[in-house]
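The same subunit A turns up in both complexes below, where it pairs with subunit B and then with subunit C.
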Partner chain A sequence: MGMLEKLKKALYRIYGLYFKEIRVLLKDKFAMLIIFALPVFLVLVLGEVFGGVGGDVESTSVESIAGGDTMEIPKIGLIDLDLSEGFPNLDLSSVFVNKCKLYESSGALTIVESNNQTELDTLLGTGVLNGYLIIPDMFEYNLSIHFPAIIIVTLDILDQTLLESTQSVIDTIIEDFKEENNFTGVFNYEITRANIPETGQTLFLGAPIFFPMVLFASAALTSAQLIVSDIPKDRMSLTPANKFEITLGKLLAMQTLMTLLIVLMLVLSFFLGMTVRGSVLDFFWILFVIALSGVTFGLFVSAIARVPLEALQFFIFAFIFQIIGVLFVQDENILRFLPMFDGYKIVISVVLRGQSPLSVSIYYIYLYVEFFLLFVGAYLIYNRKRALL
Partner chain B sequence: MSIRRDGMETLIEEAIFSANQMEEIFLWLQDRQNYIIDVEITGQWYTGEYLKAMGSVLKKYTSENFKSSLYIVLEEGELGKENLLIGRHIVRIPRNLKKHKEKLALIPNIIVLKNRFKVDRQEQIFYRGKEYHKAVEWLENFLPRYQITCLIEGILFTEDKAEKINVSGSIKKIQNRELFIEVIDAFDPVDPLNEEYKEYISVDWIFQVSNKSDVGKVTPQKILFQIGEELALTRRVLDVKDVKVVLGGRTIIHDVNFKLNRGEILGIIGESGAGKSTTLKAILGEFDYDGKIELFGHNARDTKTIAPFIGYIPQELSRMYGNFNALENIVSFGRQYGIPEDILIQRGKKILEDLGIAHVANQPVDSLSGGQKRRVSIAISMVHNPHVIFLDEPTSGLDPQARYELWSYLDIINKEYEITLVVISHYLDEIEYCDKAAIFLKDIGFYDFGSPKELKRKLPGEGYAIEVEFKTISLDFVEMLEEIEDVEFVIQRGERLRVLSKVSREKLLNKILQKLEASYILIDSADTKVAIDMIDYFTYVSTTKPQVSE
Partner chain C sequence: MSQEIRSLKERRKRIFGLVRKELDTLVKDKISMFILFIIPVIIIAIIGFGEISLETFGSVNIWIIDYDESDKSQEFIDTFKYNTTTDVSVKTKEDFNMTAKEFEEYALEKLPTEDLSAYIVLVQNFSQNLNVNGKTELPIYIDYIDFITAFVAQASIIDGTVNYQLANLQFESDIFYFPVMKPQESLNLLSSATPFLTGIIIFACMNLITTQAIVGDKPLKRLLTTPTFRFEVIIGKILAYTIIAIFQIVLILVILEIGFGVQFRCLFIEIFLMLLLLAVNSVVIGIFFSSISSSRLQSSQLFLFFFIMMLLITQIVRIPGIVNFLPLEQSRAAFTDLAFRGKSLIEVWPNLLNITLVTLVFFAINIIYFQYIKKEFI
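Up next is the complex of A and B:
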């Protein structure tokens, strides 16, 4: 038999296995709940269809949406617009700038000095800066006559893993400055949040964590049962179908349903007012890749497990491990092995900031490699198992 | 339309159609796609003469769309008033007959279709000349394993002309995408009785078929392949020789030897834990083994080559999709053999009907009874027309009535579908349904192989025993009879004792009666020649088997 004929036959078998798996999944009410009902419900919740979550977004404190400690040093822009004079022999705004530089030399932050707010806005929008401070004109004079002087702080809240550390370092510098100069009561700062669209804010802000987490969880939880619970597959493997084709059929079927879910979630999110700066196609593609890694992760777990309960336990453990990893591990070299972290990074940069996918290609590469290794691993482990018990 | 029995008591369904009932013909055939349909046809041959011919409907799947035309292989026919015989032809009758009438070789008048309820095993395949490459591809796949005969209608190119030719023969080889055919019959379709031509194309001539219009070669217009016997495995289905399976350092079975021929039923019978399932798993390539196992002449380790020829029915009913209905299960498994869904559904319906569960075909398997589930499982294993089916304890857990019923269905599968069966069972009496039995005993493994009759004849008394029926039986009676000289073995069956011996049963019965009389034991009846059954056989072999030291 020629190679072409063999390939045609194999494709027909995979086509048969694919439809069989689709049929199995569609008839499984629990799988349908996990794949479609719960994610859609969560979109509706975040889309504030049921009256909103956690009150008005504008009043949400930065702490409440902060991600936690990170390994990155905040990059903060600084503009000194103060030309006024209030104290003899003292340039108060320069003292503040020097204070910032002192903290920079201690490694707490990186300062980017500028005299152009538009430039800093651009840098903030593309994620180069995590925030910037503007020392306004009349800063020194107002303080000298005990008038309130306000430093304007603008923070990027898209990258929530850096939000808290940025906020924290600015708090420390300002408190230090106030204490040193005894400006209690008259000196304060005002926080403005940047990069937030006017509509669908909860969905927008939640997107980097919500979409990857829900898709990964939904895909992995359902796929984790696909091999271990499929008892008739042992009989199937005595037909001309081989275990690779059986595994591939499962992957394709599950990914088809995940694709439908992605489309459904995106349509619903945009319908509920969510806007993104990147292209919708890029958004779809990253969600597709995350779902794919979720499916292969589930298949891998399913191949390892001996009984369905074991697969569920493996999944729960691995999922909690990922959440803890994203929240508390600081070394990005480790975090890149977690699909949810890669997804988080890509969604922020490509979808919310509108940057080129090439700028975060390293995360894509990790996702593709993870997908490949998990799929091959799932197949190899399943292949070692005997068909007949 | 009528259904009748012919002189041989064979059921025949017959339908007579006129040429303007083509739609009805297609509907009639659609309902009978699983059967071989014979045809008697009368009409006008393209030469203008009246033709009466017989043949069969060609309806095997290829890329050709048989839904728009009816293809008939005419095997023989009489032409004109002189009753001249014509040779084999493939004729096409389009569904829309009026539109294409002028282009046809045969304009039909009356078409008689006959269904003899013979299951169509899809052993014919048809290609048009322009599909030559596909035909060669198909042949490359099948020729190494089967004897293939063919009917080719085409053009024979000679030095100075091109002539029409119909060639029937056996395909010998393919070389450089050319077919080499050993001719059985060849004739000029324009003048089938041209003897000069027949002499010119003498029988045993090797013809070359090519699509390149070369001199001396035939360029085909219609190609019909017929799958014949499998090469080198015409009768032998299974050959197990000196097989040994070692798992985890422990020898599970050893010295297993048995053979199975086509059409037979083999029972792998024995006690639980005796190695029956291990043997089956070795045959199916699940366990590594020493020795030789061949299925259809192929090494059993070559599982992917063997897979299309075998069906497997696992013991567990969970090995099919419980929330699928029977047909969905059949389609899911059947697709893996490359069979299109519509054919799977047609075949599946027919099999479910034959197994008596057509009425539950659309219910989820989980909602069926144990017996019905078992039959669905059997149907799944049959849909790809396997040559042999392996059944792992199919009657396990069924009540005696259901067991009997299942065996009657297995008999249908064996006889009507001509499928060889290998059945594992721990019910000793089920050997009686089998042509051959491989006997497995606990702690011994494989013990013996043969037909039930052969096995029983190996016992003292060669399959027969003396039977004494008592009014009231006591356990001491067995010991008492065993003390008698020449008594080899005594089996208790209720109130009766069966005595196995190699000597004359008449003489021995006298001795037995004397001994019983001396002990004042009353008997109800005595018989010198009672045929022993497999329960007696197992009682004997399991008691007298060699003891294995730990």
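Up next is the complex of A and C:
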């Protein structure tokens, strides 16, 4: 048999193995849930289908910071100590207090009025309040003589779930008050938040972390069971199919499903309003490479594990350590070995900034090398395993 | 004979036997021991020695486009170049040998790239506006693609303008505030993360291990042919894993307090008991997953799915109706109140009650399922 004939038959076998794997995966309900349902749910969450996630970077209106059903409302203490006068026809501190009450009635915050700072400190210390603000004496007078007024703002940093929204509400009220009364200060900041789309902002801002993490996790988790849980694979050794062909068949089948997932996530993200500066093709390609890296990592884990449970545990450890690495390790020479970090850097530069892929070629190289080494490693380890026949 | 089997003394004896058997098996399982005692230490150590890395990735580059070319605008630029407290790089048109117009076009082109974080435009009448009106507009363009760098850039610009006003005694009607963070003693990264981190570690480790308690217990079928009652098996397993949890919680708290100096403002026993309640909760939920699963793998997958969903709801979605019943959220709130606000156990009763209610519900479901529904053992 000539080389060409051998190659043709090998390709035919890989083709058969590929379809067998696809069929097996499609019948596995949990695999389908992990591959499709969970990532799609997450895209919907970030697409704010279920309501707001975090703060809108452009939010300044009452309506936009009143979060509706899905947001917790900060409790803010308020003391008005201002007895000064000077502004014509208006009691400015009362106007400020009324502004706070207007926001309270719209559901943006709950106000606890007091005359005693010690009382507010106690409430803050016990977690009843998320922050408090004090309008000091001379507030109105300073503003009336074209001088800045400094208000006292104290925030509780122990409840970090509400810290950001507390500060955001206070900023919004102050900005609204200043704008209404034409207190622009020396510098009237005209801040333009450039380069972010008007729609799908959460998806856009979360993309560098979200897409690589979800694709890598989804691919690796499912692939981690492909070899170790495939009981009939040992019977394959009785057929002309070799272990390289079996490994390649699994890789191709899994990558096909991941490609479908990538298309689904991209279509859904763009449908929910996300836009990018880079090309969609570049976006697709980086997600494809990250998924490939996840699949080969999963296959490697699956090859070294003795039982399915062990493979799952290996995956959980690797995933947790990768997340901790990305968040807490500072040395980029170490971080480049983590596919999620490489994905983060490429997505932010190529997809969001629209830079050329060549500008971040180092991260692509790391991903390609990792893919190659993990695939060869998975094959070699699987090849050394004895079939249970 | 039947009465003897049902007597309290005999039941207690059987449950103790079950606990001992379970502990023997657990202690011999190296992977379980690794998950329970080594993983928490590694995670705490990484965070204890680490710093947030994503914050330090991008350098902040600010360009100032000066159309005014007056002494005042130069003072403004100098304040930014030499007086900003944060570590930023400030460049002007002289650095690129361009006119103001060319420089603005170049800045607009460069804003989406990593070369530029933000640019400020000093308008043509900058000096005149300040001298005549005491105020001027200040157009600022910030690149928000990398939002962490954007926040640093914005803070640096505000900082620079305040410095300029103080240095030149240039004031106008404005409202400032300098937020005071309380408690005022600085919390390091580990201390800030502790309320959520301890919950995650204890829940994840205990839950992951207990997902194998029933489904991975091969001799269990034989055991049920003895006079042992099914609910005794459940209680025996819960007690055994709770004993293991005691060691894990003590280890975590000792490492946090002695190893990394995290200061707790409550009695050690109070925080220990709260975390023990969380551990019992995770054990009961883990045993439930183990009861309803048909394989060890499926049980672990259930854990993973539940854990990811709980993390998402607790950290991102925060749906009030659901988040209040999630053990991670309740333990986070209770830990903060106990350890950092110095409250007592009695004062955090709503959190403890929520965890207890969820535990009892899962315990009841476990007993009913194991007693009447799980077909393999009926």
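Definition applied: the second predicted complex is superposed on the first by the 249 of 389 C-alpha atoms of A that agree within 3 Å, B and C clash if a C-alpha of one lies under 4 Å from a C-alpha of the other, contacts with A are read in each partner's own complex, and residues count from 1 in each chain.
Operating definition for what follows: a residue touches a chain if its C-beta (ideal position, glycine included) is under 8 Å from a C-beta of that chain, and two chains touch if they have at least 3 such contacts.
Predicted model, so just to flag it, every value in this text is computed and none were measured.
Novice: Determine, under the contact definition given at the top, whether A:I320 touches first (subunit B), second (subunit C), both, or neither.
Specialist: second
Novice: Once chain A of both complexes is superposed, is A:L205 in touch with subunit B (first), subunit C (second), both, or neither?
Specialist: The answer is second: A:L205 touches subunit C but not subunit B.
Novice: Going by the contact rule set out at the top, does A:S84 touch subunit B (first), subunit C (second), both, or neither?
Specialist: A:S84: touches no partner chain.
Novice: Using the touch criterion from the header, give the chain among subunit B and subunit C with more contacted residues in subunit A.
Specialist: Between subunit B and subunit C, the winner on subunit A residue contacts is C.
Novice: With both complexes superposed on chain A, which partner does A:L124 reach: first (subunit B), second (subunit C), both or neither?
Specialist: second
Novice: Just subunit B (first), just subunit C (second), both, or neither: which does A:N383 touch?
Specialist: neither
Novice: Name the contact category of A:T256: first (subunit B only), second (subunit C only), both, or neither.
Specialist: Neither partner.
Novice: So, A:S168: does it touch subunit B (first), subunit C (second), both, or neither?
Specialist: After superposing on A, A:S168 lies clear of both subunit B and subunit C.
Novice: May I ask you to decide whether A:T275 touches subunit B, subunit C, both, or neither, giving the answer as first, second, both or neither?
Specialist: neither
Novice: Which residues would you name on subunit A as touching subunit B in one complex and subunit C in the other?
Specialist: none
Novice: Sort out for me which residues of subunit C touch subunit A in the complex.
Specialist: Residues of subunit C touching subunit A: 31, 35, 39, 42-43, 46-47, 50-54, 56, 111-114, 130, 134-147, 150, 154, 158, 161, 165, 170-183, 187, 189, 192, 208, 212, 216, 295-298, 300-301, 304-305, 308, 312, 316-320, 336-337, 340-341, 343.
Novice: Subunit B touches which residues of subunit A in the complex?
Specialist: 1-2, 5, 9, 12-13, 15-17, 19-20, 23-24, 27-28, 231-232, 234-236, 238-242, 386-388
Novice: Any idea which subunit A residues touch subunit C in the complex?
Specialist: 30, 33-34, 38, 42, 45, 50-51, 53-54, 57, 69-72, 121, 124-127, 133, 142-144, 146-161, 167, 170, 174, 177-178, 183-196, 205, 221, 225, 229, 277, 307-310, 312-313, 316-317, 320-321, 324, 326-330, 335, 348-349, 352-355
Novice: Please name which positions on subunit B make contact with subunit A in the complex.
Specialist: 137, 140-141, 281, 284, 286, 303-304, 307-308, 310, 312, 314, 316, 318-321, 323-324, 328, 332-333, 335-338, 380, 384
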